[in-house]
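Worksheet for the structure shown next.
For clarity, chains are labelled A, B and C in written order, and residue numbers in each chain start from 1.
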């Protein structure tokens, strides 16, 4: 924070109040569509599209009781896929990033670029090959298969971001440890990991959000048993009939866990990004 | 309503369980039938009746994958084309059944009926409406059973008509529709003359627009597979459509499909709407509609070319992929879900005959209770379905089957592409002639690359 | 993210001679990625050489590079590529501008700042499909949408956004989704700005503008790079919002490369063509990344020199 305390002039206070107001107005504007959607979840289909919009109404909970019916299994699958793929991505990605930063060789840079490039294929371009592979390995409609897919999706992100966070660690710290004869495990677990902890937290949050919100692989590679929340939410959309209020209730249930998680992790994220690449 | 179903079916489950215990039927382990179906309200009712079916067939468990139409179509297609065999029952439409049957992807219903004599005896195949059944056949074999079927018709707001001193004829023409739309259109009051689909897609704007092309005297291809989109009939149909929508249509037309137009119509913001007959049920449902008492029904409008093909034919049907390993259990399920008894069961559970799956069986329309509950629109629906002939839907002869589509695998792509050009013309991005020229090129390419044009 | 290249050079000599443990750490991740991405990718390249329709199992001839030739000679490919670039570049530019302005605003302490920041980040947690549905139904629809209602209440004509300004609508939607991301990264960077630098500048009598231009902006360079590179990769893949809101139309107005591939694969079941377009998408993304990294590297070098 800026430590210099400016002398208090009245115009300055006025300006501060105005800027604070502005910030609040913008924040509320950004959040407004979400709030509006959540309010639709308590309306009937008829009210959801009424003109002028219904602002005061008798809230109903029918939409939620319908939405809850299939929520449990999908929530479980989403939690497994999001947390599982994040853990797996770190298990694979952290050592890789560590190796590339502290034991680089002439090919490290091109390897890193290749890792990023695996994220460049639009998922729909590879879905038929993937479907065939999943079929042959009997991974279709399994949460394990989906978790693997999300690991593929998030691993490049983990390697890439952790590479930049680890690069921020002053080499002197590691050199000092090496002089003391520290083992590789010691270097990795006791020195690199603690210093990169905030970076890990923020990258993990991004991974979880991306896995939570992923719909294409989920929709195409799972049916019932392995279906996460993004498939659950599709079940509330229809081409014949009104669905907005019902879908809003389901969508509210879907975003609540990830938003709660995101908000509580926000401090971590901010701290993490501070420490890392964007210092 | 939902909880009532549950109690009834729970009762059935427990009584069936006792019966099963008594006869020792628990010996066989149950098979699971995985069903892919569309997220429309009739299918949701079907899903909610799972317990009833499982109680009657303790050896069969049902597993449901319910998705919106397009997501389901892409998924089921991938699954069946790769032979993955995830589904034992797939919900597919009149367009897909013959094509998939030709690919050898579907089990023949005739063979399954022959294998299950008792089901054949009770099912009453002859009760299925002929056009619907023909639409699901390939080489004289039936490949799917219709769950519900629809045609298209005109819905109108009687109150608005009365206020403007207008009367809707039973069989309106497009010219009349335009005259009415002009008088009803009051955009300053948020009320629009007409609602028509504009959202691009072969099953979206093209479903409606293709019927307009038919009745304006146009066709997609002539008998030698020469594309005829640059013909005067297409030109007058598109000019009419664009003009009608631009002058008297609801705003946002290029984003409006069935659901959006249903919203306009049911929120009392639209004078007329031409769309699927199943909309009648929604507009009569007080939970969804504000015009329950003032909605009127008429036939789909006809144009200057021919009355043929002015209303479409579509059925959502249940088919059993060849890749299913439990085809007999699946067959048991689909014959149950498309039976007369199922229709009666829905009427009983929902407490009204108005919400039974329509358009499949003559017996439904002969039922006095159905006539009483759905009298306003039952007759028009039945007539429209019976009138829709996929083999004779155009003024001039064509080498393909289908009312609002061309029954070739390439049509899904072609229809969507032309649908984009039609939407482009509506949004003012293209002129009518530009849009038709682009469409013509696309259609010529399909005829050539598909090997149709010799 | 340029840091990595410089740090690599710097640390090369510091590395130990034994390569074995390093390889062991690297191998599982690379092995996993090779298996899960290269196998399907090679299959995709293979399919791109066939006229492969998913719904026509009888005709699947090998046609060499014909799919590529078709894509390169089709006049419709030009608007598709342009749309892709317009969408990516405008969203990146807008999110950076909004993100930077908001970061400056939210860097000042004020009442309830953390709550306000939390609300502001909300859009990033919403599934793209839901984002598109919210915008299409509740905001942009000229009759039922709040934008339309608001403009009518103010006495203006309601705008039919998705028909009249389709690309602008999509850009608005995606910008709403991604601004929180840019904000987060830029704000974080701002909070790590060394206070001594600012104090020194103030003592020298720098104006706020000078402060921003000579201290904040150079400090932000790397944060910009993160935002640009990450957003570019993700926004080059966007199709869900387009699928729901406009189906790529009207006409081709909002068809970008991923949606085009989606259309080929699931609209036409033309897997051969979709595969070829997918391969092209990978090539384009690689070229863009390489160009961007080169640009950034040059700037970074200059920065170090000066």
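Here is the rule we go by: a residue touches a chain if its C-beta (ideal position, glycine included) is under 8 Å from a C-beta of that chain, and two chains touch if they have at least 3 such contacts.
The structure displayed is predicted, hence computed values, not measured ones.
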Query raised in the report: Most C-beta contact pairs, which chains?
Result: A-C
Report summary line: If chain centres are mean C-alpha positions, then the most distant from chain A is chain B
Report summary line: In whole angstrom, the CA-centroid distance of chain A from chain B equals 39
Query raised in the report: What whole-Å value do you get for the distance between chain A and chain C if each is reduced to the mean of its CA atoms?
Result: 15
Query raised in the report: What positions in chain B touch 2 or more of the other chains?
Result: 70, 74, 78, 190, 263, 267, 269
Query raised in the report: chain A: which residues touch two or more other chains?
Result: 49, 51, 127-128, 132, 234, 237
Report summary line: Residue ranges of chain C touching at least 2 other chains are 54, 143-144, 266
Report task. Please give the residue numbers of chain C that touch chain A in the complex, ascending. Result -> 1, 3-5, 7-8, 10-12, 14-16, 19, 21-23, 25-26, 28-30, 32-33, 36-41, 43-44, 47, 54, 102, 105-106, 108-114, 116-130, 133-135, 137-139, 143-144, 146, 149, 176, 179-180, 184-185, 187-189, 191-192, 195, 198-199, 202, 222-223, 226, 233, 236-237, 239-240, 257-258, 261-262, 265-266, 271, 274-275, 277-279, 281-282, 285-286, 289-290, 293
Query - chain A residues touching chain B - in the complex, by the definition given at the top - result: 44-46, 49-51, 66, 127-128, 131-132, 135, 140-141, 219-220, 223-224, 227, 231, 234-243
Query raised in the report: Which positions of chain A touch chain C when the two form their complex?
Result: 1-4, 16, 19-20, 22-24, 26-28, 30-31, 33-34, 36-37, 40, 49, 51-53, 92-93, 95-96, 98-105, 108-109, 111-113, 115-130, 132-133, 148-149, 151-152, 155-156, 159-160, 163-164, 167-168, 171, 174-175, 178, 184, 188, 209, 213, 215-216, 230, 233-234, 237, 244, 247, 251, 254-255, 258-259, 262-263, 266, 269-270, 273-275, 277-279
**Report entry** chain A contact footprint on chain B (complex, rising order)
**Finding:** 2, 34, 36, 38-41, 63-71, 74-75, 78-79, 82-84, 86-87, 190, 257-259, 262-263, 266-267, 269, 276, 278-279, 282, 287-290
Report summary line: In their shared complex, chain B is touched by residues of chain C numbered 53-59, 136, 140-144, 148, 158, 160, 162-164, 166, 245-253, 263, 266-270
